Amino acid sequence: MRTDGRQANVLRPVAIEIGVNRHAEGSCIVSFGHTRVLCTATVEERVPPFLRNTGKGWVTAEYAMLPRATHSRTAREVGKGRQSGRTMEIQRLIGRSLRAVALVDSMGERQIVVDCDVLQADGGTRTASITGGYVALHEALQKLVKKGDLPKLPLREPVAAISCGLVKGQALLDLDYVEDSGAEADANFVLTASGKVVELQVTAEDAPLELAQIAELQILAEQGVRQLVEAQMAALAAAGLA
Amino acid sequence: MRTDGRQANVLRPVAIEIGVNRHAEGSCIVSFGHTRVLCTATVEERVPPFLRNTGKGWVTAEYAMLPRATHSRTAREVGKGRQSGRTMEIQRLIGRSLRAVALVDSMGERQIVVDCDVLQADGGTRTASITGGYVALHEALQKLVKKGDLPKLPLREPVAAISCGLVKGQALLDLDYVEDSGAEADANFVLTASGKVVELQVTAEDAPLELAQIAELQILAEQGVRQLVEAQMAALAAAGLA
Amino acid sequence: MRTDGRQANVLRPVAIEIGVNRHAEGSCIVSFGHTRVLCTATVEERVPPFLRNTGKGWVTAEYAMLPRATHSRTAREVGKGRQSGRTMEIQRLIGRSLRAVALVDSMGERQIVVDCDVLQADGGTRTASITGGYVALHEALQKLVKKGDLPKLPLREPVAAISCGLVKGQALLDLDYVEDSGAEADANFVLTASGKVVELQVTAEDAPLELAQIAELQILAEQGVRQLVEAQMAALAAAGLA
Amino acid sequence: MRTDGRQANVLRPVAIEIGVNRHAEGSCIVSFGHTRVLCTATVEERVPPFLRNTGKGWVTAEYAMLPRATHSRTAREVGKGRQSGRTMEIQRLIGRSLRAVALVDSMGERQIVVDCDVLQADGGTRTASITGGYVALHEALQKLVKKGDLPKLPLREPVAAISCGLVKGQALLDLDYVEDSGAEADANFVLTASGKVVELQVTAEDAPLELAQIAELQILAEQGVRQLVEAQMAALAAAGLA
Amino acid sequence: MRTDGRQANVLRPVAIEIGVNRHAEGSCIVSFGHTRVLCTATVEERVPPFLRNTGKGWVTAEYAMLPRATHSRTAREVGKGRQSGRTMEIQRLIGRSLRAVALVDSMGERQIVVDCDVLQADGGTRTASITGGYVALHEALQKLVKKGDLPKLPLREPVAAISCGLVKGQALLDLDYVEDSGAEADANFVLTASGKVVELQVTAEDAPLELAQIAELQILAEQGVRQLVEAQMAALAAAGLA
Amino acid sequence: MRTDGRQANVLRPVAIEIGVNRHAEGSCIVSFGHTRVLCTATVEERVPPFLRNTGKGWVTAEYAMLPRATHSRTAREVGKGRQSGRTMEIQRLIGRSLRAVALVDSMGERQIVVDCDVLQADGGTRTASITGGYVALHEALQKLVKKGDLPKLPLREPVAAISCGLVKGQALLDLDYVEDSGAEADANFVLTASGKVVELQVTAEDAPLELAQIAELQILAEQGVRQLVEAQMAALAAAGLA
């Protein structure tokens, strides 16, 4: 039995609220249970140096946690003068995941910056960030289409992400903080709506893992992502952005 | 006529939502019109080095803006490795303002850290932060009283803050971003419920200011703070924390 | 009775020595009692990016203390890799104060950098810096006029600054370090020669302040600034720069 | 046909030279083709704060590239004052991989720091680092056993790592720099001698990946790691450390 | 003929003014022509970690230039977050030079920090800093003797420093900025009152140097240091500190 | 008798292995006994800002130690965010030494960056770096000549460096780490093949030094450098680069 009574293959309640920031071109607050992330997408009419004058676009992401997103307060990274390795790793993952479904060659020479700021953390902040980040990105690009700045939406298909792990030998979907802390192995699956793999990261926290166990986690993840994509599509449709 | 049709002496709509973060000992989202700040108060059972073994407590504050709180995206300060002068100035002001009403000698040897993170900015982020920061601090201290960790609430009286300024020669209360950008002078009043001055900062943006003009701003500010304190008290009362 | 026997409304001995640096376009050492600040003004034939190609000029300031300016030695800020919040706050105040009297639109597209380095500190370093900074700025601009680079002095009127505070309930002018450390409230007035307000900062260190008390401080400050402006003018006249 | 004429499932020439640093408790230079990494293991008789007085040990890793390890010179990270996200990600991966086979509870309260410094890079620096890092760690721990400081070698089994990827639709083992730059997908497998998974990272560089393709990569990786473990064991045996 | 009409073997006017800072235990302003350095010595009743509980003392130095000490303004090092290589090199040289004449074993477990802040630069700032730094150190230690904290002055003998160089093939003593910029070779001699060598640094700026030329520079330097030591002794004697 | 049985005037075994890095335009590993430094020379077709459009070239150097180059592990400098004073001092010395023999006006508008990374340290890392750095520089420039990018080798003559010191009153050549730690005085001589002085640094570690003692060290150094230049020439000749 899980801490909140869920079955092994059940997600926490998922909510996606679009349009939470009046300045950003795209924005949402995504919740996976008590984990809550504010995602904004900013359209900038410039690209990184290596893409200048290529006519191609770019998607990048940044990630941070508010100091009291965590159970006890975490000092701000600006105080140390640099981002932690964990922060960098997560924001690089979010960026790669979104770029894998973005048709950057058809975006025009502009950059979308997706900011994922964790308001409250209870496990799964990186997977919630990718899932909400896609929605903010979709909104920002859809608006460019509506304004006539782009002929059609430069996205292959939706992408979403979910964690799963082995806790006391059992494969569980969508770990909360307590489950994650005690997991023997931890995996993050970034999958597309059609079930393709964008990123897969498996980590044996304690002892190495049998290959069969990864297959078990993968089945859970595919179920989870299917539901997340439904939630993304429902939120976008309700906002007239599908 | 002001951008949003307000009279010169009218605040923007004020809202204070308490209990927005399940980890923090005190928390609220405060809105002054489109300006929205998430304030959390964290109780730490330790104090800065200069207070160790004195039996006295401390209140401190930190301030930051999410990158897309602003009209166009602002780069994160961690990227430059240091907080800007503006950020430091504001968080020092918030900290002094809250300490001025906190009976730090009666708090026990503990520190309350008030984090003010601007989710959306439209002028007045420092005054909203002080106003919401007080509510989060009050909640955190009230909980210590309820748990029996403190005999009574170590607060003199509520404190709140409001900006006012001279725009085209007219004194206006609670400037929004557009008004603030065009103001000839800008003042921030931090006042207690009983109308005493905790901090007063007047800046002539363009040309120096007559003393009579400051008196005019002060009358507006007193009206504004009175209403803010009412909003603070109503929110705390509704949450059973008054 | 004050530590040095002064009456409540009396300044410490003020001295302004012009021409103390052979490289700088403007320079002075200003003393308020034992507080001694070296101010230099540098003319740079370039402006910050936001002013390029506007034909407008700029005035900015930097502030620092030598390590042994203080009673006990203070570590250099370069060792921590960043300026403290106090330093940034003060140098931003000096810059705003000088810009308030500078006709930046009539300065040509050039920048004056005013450096205020505290050689010895005994309270009031920011007010001494503004007072001396004005003199260095005046000298640098006057030299541009003399060289024919400017048609006339682009300054509205002199600006100077003084602190005052409440110590044991009494309003005192120009606090020294010991008085400042024990003050209940602390105010810095930046006023022009004609008595207008450029910046006003009041801080209740301990308990909040009655409004009447601020009025009392203001009367002292106006007296003090009048004498400081006389000292500025006398020094500039003696140097043939008035 | 691959750039160097290899079959798809063939490793580049692997070499492991033990004992290359006279100060380090463990050391080797590992080569995967032209990629060459100097790995040293340092035994420190202290542990990170969170392990103090637990009797448990720790293994951690650091990674860096010499400036001219790369085709064109890469500026040193110290010049920017911080490690890049890529560096942090890699050194965290090396550390987790080594800890997964280390019996840290049986190491005594000491820490082994494994430094992986890339002398020359041609793709696969992180997998070479893990493979060589294990050898240096093994040597350092074996020496503690020989000195009688540990009753037996606190290692579960050897660990090694290899990259594979999809290049023009074909699954290839052990990509060199040119292959890696053009790969559609890139995977790093960290496996134990017995074929268990310690870490698995799959990244679709361009378009998302079918699950069947991952299975194909995995078969290659298992073959590769088997040979790497043989090379590790041969080198350790030759040095009398097996 | 030199820029200021001096003979090749003549120092610029040297002045040493003691007692220029009321907080510091030792202080002076030393001038070598237009080069002017404020030196303060601070006595701290603690030592660096490597000397704790050894009963031994320490002498260390820090060096900096005010931004407008130079012909054109130099940005503050705190802005870059770190000291330049030149600054570090110079302050390490000053520290070693003073330690070479200090009997650190007889100073008690305390540290003297000598700060050398260049108010105005015209060549020779490091040699002026050593020469003035010695005076400040001497004053601080002499005061400890007078207070009875030390039985006798823990100094071997005075130390002073002078630059010399080859300019258009001619050996010159005490180069000013213009001479230094055009010198073929540049040498700094740190010598004791009795003519012993504490530090010697010779740099061929352009083409390598014959050994005979170094001997020529050395003769000049010995003459110069003799006069500097006389100036140090005269200043200390006049202040009752010899 | 010295630790390794050498006579006072005998170098440790010297080895120079050219061509150790396939990417660099010039490279070698130089050994002075157990001290081993990897030197690479990178040709960049750009120069520092102060040389742009002058047609002149530049030579610069960087220096670092791998963490376990030292007896006990030394933390990486990137962790502190800045290079130490020692590192900066050494890399500035290497750069000046190489520039003293480079005909930068005849190099074309390009820069050679010489990286000296210490793989293993046992005293004399800066002198080994200069000696090996010359070889890498020579190789890189010779290749430009061979490619026809330069008409002839823009080098005056070879340069090499050696340390010597006074240990228990005796002058010794080429100190190892243990000798260096106990030396009363320490000198580094950077000399050309023809015996001219490029840099000379003498430091009295403990008590000041007689001038006659420096002369004694110089005789040793000249002998040492002569042998180092022979080793440089032999290595370059064997590689067909002389």
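Letters A, B, C, D, E and F mark the chains in the order given here, with residues in each chain numbered from 1 onward.
Note that contacts are C-beta pairs under 8 Å (C-beta built on N, C-alpha and C of every residue); 3 or more make two chains touch, one makes a residue touch a chain.
All figures in this text were calculated on a predicted structure; none of them were measured in a lab.
Checking A-D, B-C or C-E against D-F, more than half of the residue-numbered contact pairs recur only at C-E.
Averaged Cα coordinates give chain A a centre that lies 33 Å from the centre of chain B.
Here the spacing of chain E and chain F, counted between their Cα centres, is 28 Å. For chain B, residues touching at least two other chains, in rising order: 81-83.
Viewed as a network of touching protein chains, the structure reduces to one closed ring of chains, two contacts apiece.
Ring order of the chains (start chain D, then chain F) is D, F, E, C, B, A. Of all the residues in chain E, the ones that touch chain C in their complex are 21-24, 27, 34, 38, 40, 42, 44, 62, 64, 66-73, 76-78, 81-83, 113, 115, 117, 119-120. Across the interface of their complex, chain F is touched by residues 81-86, 88-89, 91-92, 96, 100-101, 156, 159, 191-192, 194-204, 206-211, 214, 218 of chain E.
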